[in-house]
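Shared between the two complexes below is chain A, which pairs with chain B and chain C, respectively.
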Partner chain A sequence: MGFQISDIANNAPLFTLVATGLVVILLESAKSGKPNVSFIVSLAGFILSGLLAVGGLKTEDVSFGGMLMNGSYSNFFAIVFCLTGSLTILISKSYLERFGQFRSEFYILVLFAAMGMVLMASANDLIIIFLGIELMSVSLYVLAGFFRTQDRSNESALKYFLLGAFATGFLLYGIALVYGSAGSTNFSVIHNQAPALMKNQPLPDSVVQAGLPDSVVQAGLPDSVVQAGLPDSVVQAGDSGLPAGQAGLAGTIFLLGLGLVIVGLAFKVAAAPFHMWAPDVYDGAPTPATGFMATAAKAAAFGAFVSIAFKMIGSTSGTISNLLAVIAAASMILGNVIAISQSNIKRMLAYSSIAHAGYMLSGIAAANVEGQAGVMYYVAAYACMTLGAFAIVSILERDDAANLSIDGYAGLSAKHPVIAAALALFMFSLAGIPPLAGFFGKYYVFLAAVKADMTWLAIVGVLTSLISAYYYLRVVVVMYFKEGEAAVEGRIGMSTVVAIAVCAYLVVQLGVYP
Partner chain B sequence: MIPLSHYLIVSATMFVIGSVGVLSRRNAIIVFLSIELMLNSVNLTLMSFSSFLGDVTGQMLAFFVMTVAAAEAAVGLAIIIALFRRKQTVNLDEINIMKW
Partner chain C sequence: MIESYIPIFIMIVGAMGFAVVMGKMNEFVGPKRPSEEKLSTYESGMEPVRSARERFSVKFYMVAMLFIVFDIEVVFLYPWAVSYKLLGTPGFITMFVFIAVLLVGYFYVWRKGALEWD
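Entry: the complex of A and B
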């Protein structure tokens, strides 16, 4: 135990981000009003951190007294965060300039959010998960409200903040209950205790089933669950007069805690019953920030989700798996069906991100090695294609937040054939058309679901992705086969073009050589 | 000595009061206060488990929760003020440009 130099070396990507964030703050305070410098420094920080993460892929180690787990898993996610972070920065430059909001704070916030994400992905302890989520979320609340003179941006920040803090409450209560029943917050310790705790509970099925999935799906609200299912049984458990720590009661508390942790995380990934915030927040936030939230934040939440499902709970028990499968199916159905009726492209992408959260969750519900690998691949593929789509939306967006309707994209192919082709590529990939990255992502997670005897989940997934093809391809049809006045506002920033090119390259690359 | 279950009942009740407050109140600041109540009920749970188990991790986590809640309060109140400057209201029913 104790502090060692190797702890810093193992977490080099994290510390690079920390250092860059602090340097940018200092630069900003010393020479205020030079956002170009901050832009370059933060970009360099992200690239350096990403390279260090590539270098650290091979070493498997724990650091800081078992609090952090370093290795291929955490470094893979660190690469994804650095990639999305640097692309977000590239996209944001011309967008912020156009809106007269080109300030250093944007880059500082992106850096700090990325720090929280790296913490979440390398966590080996519930405390680190909590700290990482909060570091990420608090930065993102501010990013959502970055245009503080715009009503839409303010509104989106407030909604994100209130619902995000509400979900944090559930997550924390869950952490507290898990801690109380397992006696530790460390994943490895909980992992050893979990089988015993799961077996000795008095009413295992009824708690999870009556309390969580069914009523959630029916009511569609997280709240009713909590009121109906959870606290009552806690109170009852207390009433029965058993001292906690006795096997049966501890098991119940453990399951309740896990349920609450899953609710909190499902909120962060915007999975079905807990998705209410996503469309409004994605719609109102500045587009580069939306892209960052939809990709990196979701990737980070899945990084934490996979750690909790595989490292903490271990061979996910039947009840937890079923709970996740129900959430996954609900997200896929709800996200894809509602996306059809959206006319605003940012809201459409928001619902599509809910559906993609469902696809990724089915990999976690499968609870096998293929599922884990599939989720990791999916996260990377999803990040590239969605960020690319948001980059193009940011080019086309005008000052008054108009021109976000899909019909406004009519005639884009005639005026800007390259941009239209890139957007078509991202849409094809999101729809899951081979040989692009999105197809293989879906293939891997559905394969994992079939191997775990959850064929029904894979069938739901395939059917809903057929539905999704409709609204993704509608964008392509509008761009190519309708006459219209689509126009790019002002000059297209060089950095944005670079970002779109990188995304497009990765979508093809990940698809052709999976 | 007061048994653990009493502390757990109190904190669970606080948690429920907080979440009902979030759902039923329409004033952004009251909603925010209800969230703080939920976080503090978690702190109570953590402290009681920590003392019951004789393990300091829970107390450490409670400190982190307090710190994070303070940071969250700073950001949250700033967001509410920015919104109030534009709209002269903190009523959640009137903050509805985008369909909820």
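Entry: the complex of A and C
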């Protein structure tokens, strides 16, 4: 089982991030306390990696013996991660300086988290999904507790770590059960067996007798995979060896395993009823890290979710679709209703992120091509608008964290009209007001739900986004129509301004030219 | 089938009997002059039962973490060494990259002073 040059070329974005991460560590070790250099190197690494991902959009290939699938899908997500990563870095500079925590480790952790995210999005194997999730989560646990002298930050890191470890346990147990029933962790192999397992039928002969490797390959792997030549080891893994009589049991185990995998992933995207960690963690973590968690980590979890739903399970299963639809509806209702009563803007955005996870999940529940495209579009749109909102929160945050309340934003428009206008733009987009990105994201996702005969889900979505308009617009009202003295603490960093501008541009751009 | 386990059964019974007989003989025959020191679980060791709420220096955690990292490196090195010929050049390159990545981490840890006790 060797590897080819093409494996490295296909995964150029991933390896660029790896190399940048290692270089930043070396720089930090060689010359401690020069975070400015790390800042520039990390930014350059993210931009280079993003450009390589743009270049890789056209090629479809598998690499590392069928473990990774590279193509427009994985590279699209890689672009999103590089974008959010570089924006996070831009936002973080002045914020960390202000809190006296401007250290290279922040950038190292963001780079390693992004690495895990790219792995998750390009995974073609459950083990790679697990590996990516762990790499991402462990970095994020530390990022959440980056302000190690602050109790809130420590609390957030500990909560995230304990609950995250628990959720990972669910995920891993689910993977074990899926492996036990399907006989493989490879998406393509499981995909072939999923229809039979779902209907509790005996496995098709070609799969059961797959001592002959070719029969599985020809049984219906996508052409690109066949042409790329899966190594024998992967193909032989298709030999589940379960006798036909036990197929009913295998089907039950398969569904159970899928359920557990979905629990693990639903935790990572903070969908109800696995959302409890999100508000506390988002509230306590340093604001740029929160923005990164809320956007990139969520995008990565959706990258894995969509891979599992479409590449592994396929669109054959009503059971899984219904399960996802219920989770989606619960997240939309719960997130939006609780967000109304929040007075802290970071907690409000956390609940809003739960609601948005619900919108995106309804695209996955629809289980059609429109749903997949809708989720991908939504992920990009959501990343831009939420990161922009967190960027502005990070400017306004003070040392004592008193300025996080929404009422503290009163009178912002009089003092800093540009910042207020940008925040208003992000809020409008999050609420889904037409020409902006957020509207089209919701439109595509709900359209997919309607096409999949899940009109009720689309209705729930539209109604709850009406509710959401109330609390998003409240921020705008407070900023523009209330007297107050919101003030920006200290100087606004140039890099943060650039980041906000990029976010605002993308929100409009994605909306006007979808 | 089951008969072939009889020697093992005899062995178990013999071993248990020997242990019980020797222990009890000691109790009956040996002289007894107890003192407080002698009655403690480890005569010159540490106290076995104490409050669990004790603070350790963070230095111990650092050492434990570093130990795990480099211990796992060794865990991967052994199977690689055993099947070195089978894996050939790709295996060598993979392992080289793995060790290089760990080396970067080692360099970082060293320069950050995590290896110094004081």
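The working rule: the second predicted complex is superposed on the first by the 467 of 514 C-alpha atoms of A that agree within 3 Å, B and C clash if a C-alpha of one lies under 4 Å from a C-alpha of the other, contacts with A are read in each partner's own complex, and residues count from 1 in each chain.
Going forward, a residue touches a chain if its C-beta (ideal position, glycine included) is under 8 Å from a C-beta of that chain, and two chains touch if they have at least 3 such contacts.
Fair warning: this is a prediction, and the values are worked out from it, not measured in the lab.
A.B. asks: Name the contact category of A:A30: first (chain B only), second (chain C only), both, or neither.
C.D. replies: A:A30 contacts chain C only, not chain B.
A.B. asks: If you stack the two complexes on chain A, which partner ends up touching A:A176: first (chain B), second (chain C), both, or neither?
C.D. replies: A:A176 contacts chain B only, not chain C.
A.B. asks: Touch test for A:R152: chain B only (first), chain C only (second), both, or neither?
C.D. replies: So A:R152 only meets chain B here.
A.B. asks: By the touch definition at the top of the document, which applies to A:E397: first (chain B), second (chain C), both, or neither?
C.D. replies: The answer is neither, since A:E397 touches no partner chain.
A.B. asks: Is A:V138 touching anything from chain B or chain C once the two structures are fitted on A? First, second, both or neither.
C.D. replies: first
A.B. asks: Give the label of whichever partner, chain B or chain C, reaches more residues of chain A.
C.D. replies: B
A.B. asks: Go through the superposed model and pick first if A:L22 touches only chain B, second if only chain C, both, or neither.
C.D. replies: second
A.B. asks: Touching A:T185, do we find chain B (first), chain C (second), both, or neither?
C.D. replies: first
A.B. asks: Would you mind writing out the residues of chain A in touch with chain C in their complex?
C.D. replies: So the residues of chain A touching chain C come out as 1-3, 22, 25-26, 28-30, 32.
A.B. asks: List the residues on chain C that touch chain A in their complex, please.
C.D. replies: Going by the criterion above, the answer is residues 90, 94, 101, 104-105, 107-108, 110-112.
A.B. asks: Mind pulling up the chain B residues that touch chain A in the complex?
C.D. replies: Contact set of chain B toward chain A: 3-6, 8-9, 12-13, 15-16, 18-20, 22-23, 28, 31-32, 35, 38-39, 41-42, 45-46, 49, 52-53, 55, 57-58, 60-61, 64-65, 68, 71-72, 75-76, 78-80, 82-83, 86-87, 92, 95-100.
A.B. asks: Which residues of chain A touch chain B in their complex?
C.D. replies: For chain A paired with chain B, touching residues are 126-127, 130-131, 134, 138, 141-142, 145, 148-149, 151-152, 154-159, 161-162, 165-166, 168-169, 172-173, 175-177, 179-180, 183-185, 223, 226-227, 231, 234-235, 237-239, 241-245, 276, 279-280, 283-284.
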